[in-house]
C-alpha cells in the first residue's frame, strides 16, 4: 500500500472519519424522525456558536485533555491506565483540603497550591498500582479498575461522614469562598459569560505542550518510550524499569488530578460526590484517538468537548433527541475515528497512488 | 454449628447467583483474548445482551427468544469489534471503549423509543423469565440434615443459565486443551504467524473466537435482565464486564481459575451484604463504605501477595499484518 | 482437515513430466515503495539441493515466502512439478508438498513440540488421538532422519537448534517433498549445523528437493548442487556449485571483491581491564546458569568464549553487562568492582567503561519502533544534553556519523529501525557500542544473520579495537568466528569454564569435545546436546571449506 | 410555559423524577404546557437552568437537592423567573422550596411492615449510605418499633454511590440476602434499583414496600404498600400556581398534615392490608398531625436510635 501524503494522513483521513461517524449518527437521527442536518447545525452552534456555549466546550475539553494525558503518558511507558476516574476523584480531596485550609485567601496563592496538592493526592492514588506492577507484577489494568471502585467507596465515606458540614442537605464539603476559587474566564472575558471554563483551561494547554516536550524532547521521555516499546532494551539501556513504572504512574495520576482542580477548585467550589462524572473514562477514548500525541489528545479532547456541549444543546433544542442519542453519536465517533481509523486508508491511498512504473515480468 | 452451616449455604447460594454473569463474561473474554483480541467491550456486550433479551422477551413473552436476542445483540457487537480489529486492523482497546459507549447509548435510546419508559423495559414475569429449576429429589431430601440443605438450597433451585454457566467452564477447558479448535485458538493468540504459515486463516479463527465470545456474553447479559432480575434498566451491567475482565487477567486466562476468581468476587460481595452494619468484636462498627470496598481491596491484596505476574497471550492487542 | 496422504497422490499425477520440482517465472513483489523481487526466474531440479545467496535485503526470504504462499506475488507464475499453480496461501503450498523453515521460526513458544508439529495438520477435531498418532509418526521421523527430540518439551525452553528441528519436523510431518530452509544455520552451533546437513543429505537421497538460503558460502560449497545469486531484488545468476568458488559467489553477491579471511597481527596484551571472579549467576527461575566462573581479559586482546548455546554464555554476558543480578562473585572493570543491584546495573556498567553488543539485537539491543538516530544513542541517552532535555541535534550528528562509518543502509536517520535489514540493524548496534571508545567491549554473536560483506567489515572493526588497546570478550556460536578473531579461547560447558585454548594451535576436534562436556566419559544425553559420535563429521565439514582453514592459518 | 429539569436519575426512574413528570403531565392534560430536559452531568445544571430562564419558561421546576448550588448561582440573574426546587431549601425571593417529611411517611409504612411481619424481622434497602435515604430508613424503623419494640430492622445498602440507583441486579441480591436472614417485609429506598428489591420479595412470596410513586401495581399482592412522596403534587402545584397567579416563594413543607407523604392503599394491596393495619396507620397519622407523636428526622442530628 502506498503511504498517504502527510497532510492526508494527518488531516484528511481523520476528517473523513468524523464525517462518516456523523453520517451514521445522522441515519439514527433520521430513524427517530428528526432532521439530522438541523441536528448538526444545532450541535455546532451549541458548541461554538455563542460565548457561553463555547465556554462550556472549553470547560469539558479541559477535563478531557487531562484525563487523556493521564492515559497517554502511561501508555507511552506501556502501561494501560484505566484509573483516571478514581485518580481524579481522590485528587479532589487534596484540592478541597488545601482550599478549605486557605479559604478566604486570594486564588493567586491558592491555585498553585491546589495544583500541587491535588497532584500529590492523584499521584499517590496512581502510584500504588504502579508500585504493585513494578514490584509485585500485579497487572496495572486490574489494579486501576479496582482502585476506581475503591475510590468511590472511600470518597463516599470521606465526603458524607467527614467533610460534610452541619446543616447541609446534600453530601458535599463546605464551599470555598469566591475569592479562593480558581477564577472563571468570564470574569476576564465577557465572551464566556455564564460558562464554567476557568483558568485551568490554560493549564491544560500548558500541559499539552509540557507533555510533548517531556515525551519527545527529554531524556526522561526517551526512557519512557524505550520502556513502552521494549522493556528489555530499556533495561539494557541502563533504565530502571521499576522506577520508571512507578514514576510514570504517579505522573499520570497527577495529570488526572487536574480534573479535580478544574471541577472542585474552579467550577463547583466544593467537593461533591461523583464530580468526575465519567471524564476519566472519556480520557481513555481521547488518548487512543489522539494516538497518545499531545496534538491528537488536544484535538480529540476538543471533539469530545464539542460533543458534550453540542449534545446538551441538542437535547435542549430538539426534544426528540435525548442524551442517550448523544452518547450513541459519541460512540460512533470513537468507533470511526479511533478503532476503524484506517478503514478509508486503503481506498484513499489508491486514490493518491501515482501510476506505478511498469512492474516488468509478464 | 447448624445455624452456621445454614448461613454458609445461603451465602454460597448468593455467591453463585452473583458470580454467574461474571463467569459467563469472563469465559467470553477468554475466547476472545486467547485468540489475540483484547475485549474491553465485554461491558457493552453484556449490556446490549441484557437489553435485547429483555426487549424480546417482553414483546414475545418467551424467555428463550429473549435469550436468542441477547446472543444476537452480542453477536452484532462482536461483529463490529471484529470488523474494526481484524479487518481494519484498528486499535482493539478503542474499539472496545466505543462498544461500551454504543451500548450505553443505544440500549436506553432504543428502549425509550420502543417502550416509552425511559429505557426501561416492561417488568417481566412468568415465562418471560428463566425461573428456578427444582432438581429431582430436591423436595424429598430437603429435610435431610446438611446434605439435604446443601442440595436443596445451593445446588437445586437455580435457573437454567446458572447451570449452563457452570457447565461452560469445564467445556471451555476441554475445548481449549483437548480439541483442534482449542489448539489453534491458543496458537493464534500467541503467534498468529505460526497459524498463518500452517495454512490456517487467522481472520477466520479470530472471528470464530469472537462468535463464541458473543454467545457467552450474550447469555450473560440475558441472565442479568431475564433471569436474575425481571427487566432491563439503564446501565444495568454496572461494571460487571470490567470486573469479569479483571477476573480473567487474575486467572491468567485459564478457565478453571477464572471460575474460582469469579466465585471469589461473588462470595466477597455476598458476605459484604451480610456484614454491613454489624458490630465486630474489637474493631467495633466499620463504616459501610469500607465493607463495600472490601472485595476490591482484598483482590488487590491477593493479586499483589500471591498471584504474581500475569502473562497475557503474546499476540493479544496486536492486529495481524503480514506486510509491515 | 489437511490429510497428509491424499496430497501425495495428487502430486504424483502431475509430476511425471517435469524434472523441475519448482519453477518460478517472472515473479515481482512490491512492499509499498520497495521492489523486493524484480522479475525473478528460478528453476529448481527435483532431488537436488539448491542454494540461494545474496546480501541482506536482496529479496531471498520474500521470494521463498511467495513460493510458500505466505505472500502473494504481484505478478509471475509458479510451476510445481511442471504444473502452473496459483498458490494463494500456505495451506495450498503445503498441499503441493512445499514446506518451509522460516528464518524466524514460526513456532508457538508455550506449546509442546508435539502441539507445534500438528498445528494446522490435525487429522481430527479431537486432540488426543491426533497427538497420539503424531507421536508415533515423530518417532518414525526421528528414526529415519536422526531428528531426536522430546515431543513433550515446551518449545520455548529448547535451544534454537532444537527449535529448528521442530520446524523441519513440522515440514516433514506434512509430507513435504520440497523443503525450503531460510538461513537455517544462522543460529546453530557448527555441530548442530553438521547434524542438519546430514539430515538434508538423507532427504536429498530420498529424492526430496531442498532450497537452502544461507550467508555461509562454505555451506553452499559443501552441500548444494546448484546455487543462485540474488542482488537488490534481482536474480543475478544460477551456477552449478561444482563450477564456482566462494570468491566468485561473493563477488556476484556484493558486486565487489570480498576478503574472505580475517587479517590480524599478534596480540599485545596489557593491563587487566576486565576481571571476573567466582561469578555465579542464576536465571529468571533461580536456576544457576553460571557456576563460579573466573577469568581476566587484558587490554589489547580478544578472549573468545566457545560453547554450545545454552551453557551459560548468555547469562554470563548479561551479568557482566549489568543486566542480571549476580548471585555472588565480583566483576571488575578497570579494577573497579561493579555494583549490580537494582534493575539499572547496565547504566553503571557503561559508566565504568564497558560496552555491550547483545546477542539478540531485536530483543535487547534495539527499540525497533525507534528511529535510527534514537537507537544510535540507546544506553547513552543521558550523555545528550546537560539538563533534563535531550540534545537531539547532537544525537543526530552522532547517528549520522555512525551510519556513515559503519555504512548502514539506507543512511536515513529517521527510518524506523524495524525497517532496516538485520545486517544493517546489527551494524547500527555495533557502531553505537564500538564508537563509544569503551575500555571493555563484550560482544555476543556479532555477525548473526549478517551477509559476508558486512561480516568482513565487522570483523575488521573488532580487530581494530583490539589493536587500539581495548579488552574484548567475544561470545559466538560460530566456532570459526571464535577461532579467527580470538587471541585466547575459553571453553564453557554447563556454566563452567572447562578449559582454555590457543586458537592458533587448538584442535577443532578437541575443542568440540570439550564444548560438549569433554572426553568420552562425559557424554551428555540431554536432548539437544549432541551425542559424541557426531564430532568427527563436524570436522569433515570444516575441512571441506579450505578458505576458512587458510584464514585461520594466516597468523 | 413551565419547565422541568430532571435530576441525575433521569425522567423515567420509576420513582422520584418520574413522579415529577407525572405531575407535569397532569398539568399538561389540563391544558398547560411545559418543556423538560434530562441532564448528563453536574456541570450542565447551571446551563440548563439558564437556558430555560432565558427562553422565558416559568416556573422552572427543579426536583432534587442537587440543584441547590446551581440554583443559588442562577436565580439572582433572573429575578422575574419563578423557580421551584424540591427536596431542599434555597432562600431567595424568586424561589419556592418544597421539602417533604419523608420520615413521617416512612413511619406509616414501618407500622404496616411491623404488623405484617411474622418473623419479627423486617428490612430496608437504601441505594447507598446517604442522609436523605437514612431519613426514610429511620422513620420506617421508628414506625415499626412503635408497633413491636422488639422487631429487628435490617438495613443493607445496594452500593456506594449514585450508580447504585441503577443496579437492580445487585439490589435483588441484597434483598435476597435479607430474605435469607429471615426478613419478610422489605422497604426499598433505591429508586430504579428498587425494582429488584420488589421483584426479589415477590419471587420469595414475601412483601416489598415501594417508594416515592405508588408502586403497588408492580407486583399486585406482593407490594405491601408504597411510601408516597408527592413530588407530582409539588410539581403540579408549582406549574398550576404560576398559571393561576397563586405561586408564592418561600418554603413549603409537605408532611402528613399536608398529604405530601403517606402510605398507598389501592386495589392492588387491598388483600394484604387488614382493617387493623389501616386503623393503626390512621391513628398514627392523626397522632403525628396532632403532635402527639413526633417522628425523629435523621437529618437533624445524623443519628437514629431506632435503627
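Per-chain numbering from 1; labels A, B, C and D assigned in written order.
In the analysis below, a residue touches a chain if its C-beta (ideal position, glycine included) is under 8 Å from a C-beta of that chain, and two chains touch if they have at least 3 such contacts.
Keep in mind that this is a model prediction, so the values were computed, not measured.
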item	value
Chains touching both chain A and chain B, listed by label	C, D
Dominant chain pairing [most C-beta pairs in contact]	A-B
Inter-centroid spacing, chain C versus chain B (mean Cα positions, whole Å)	46
Chain B and chain D: spacing of chain centres that average the CA atoms, whole Å	34
Averaged-CA centre spacing for the pair chain D and chain C, given as whole angstrom	76
Per-residue multi-chain contacts in chain A, two or more chains	1, 153, 156-157, 322, 326-327
Multi-chain contact residues (two or more partners), chain B	112, 119, 239, 289, 292-293, 323
Per-residue overlap in chain C, given as positions that touch at least 2 other chains	32
Touching pairs - complete list by chain label	A-B, A-C, A-D, B-C, B-D
Touching residues on chain B, where the partner in the complex is chain A	80, 83-85, 88-95, 97-102, 104-109, 112-113, 119, 239, 242-243, 245-246, 249-250, 287, 289-290, 292-293, 296-297, 299-300, 303-305, 307-310, 323
Residue ranges of chain C touching chain B (in the complex, touch as defined)	2, 31-32, 68-71, 89-95, 100, 102, 106-111, 115-116, 118-122, 124-128, 130, 170, 418-419
Sites on chain D touched by chain A in the complex	35-44, 46-48, 50-51, 65-66, 68-69, 87-89, 128-132, 160-163, 299
Residue ranges of chain A touching chain C (in the complex, touch as defined)	1-3, 213, 217-223, 225-226, 229-230, 232-243, 359-362
Chain D-facing residues of chain A, complex	52, 56, 59-60, 152-153, 156-157, 160, 169-171, 175, 194-196, 263, 267-268, 270, 272-275, 277-278, 308, 311-312, 315-316, 319, 322-323, 326-327
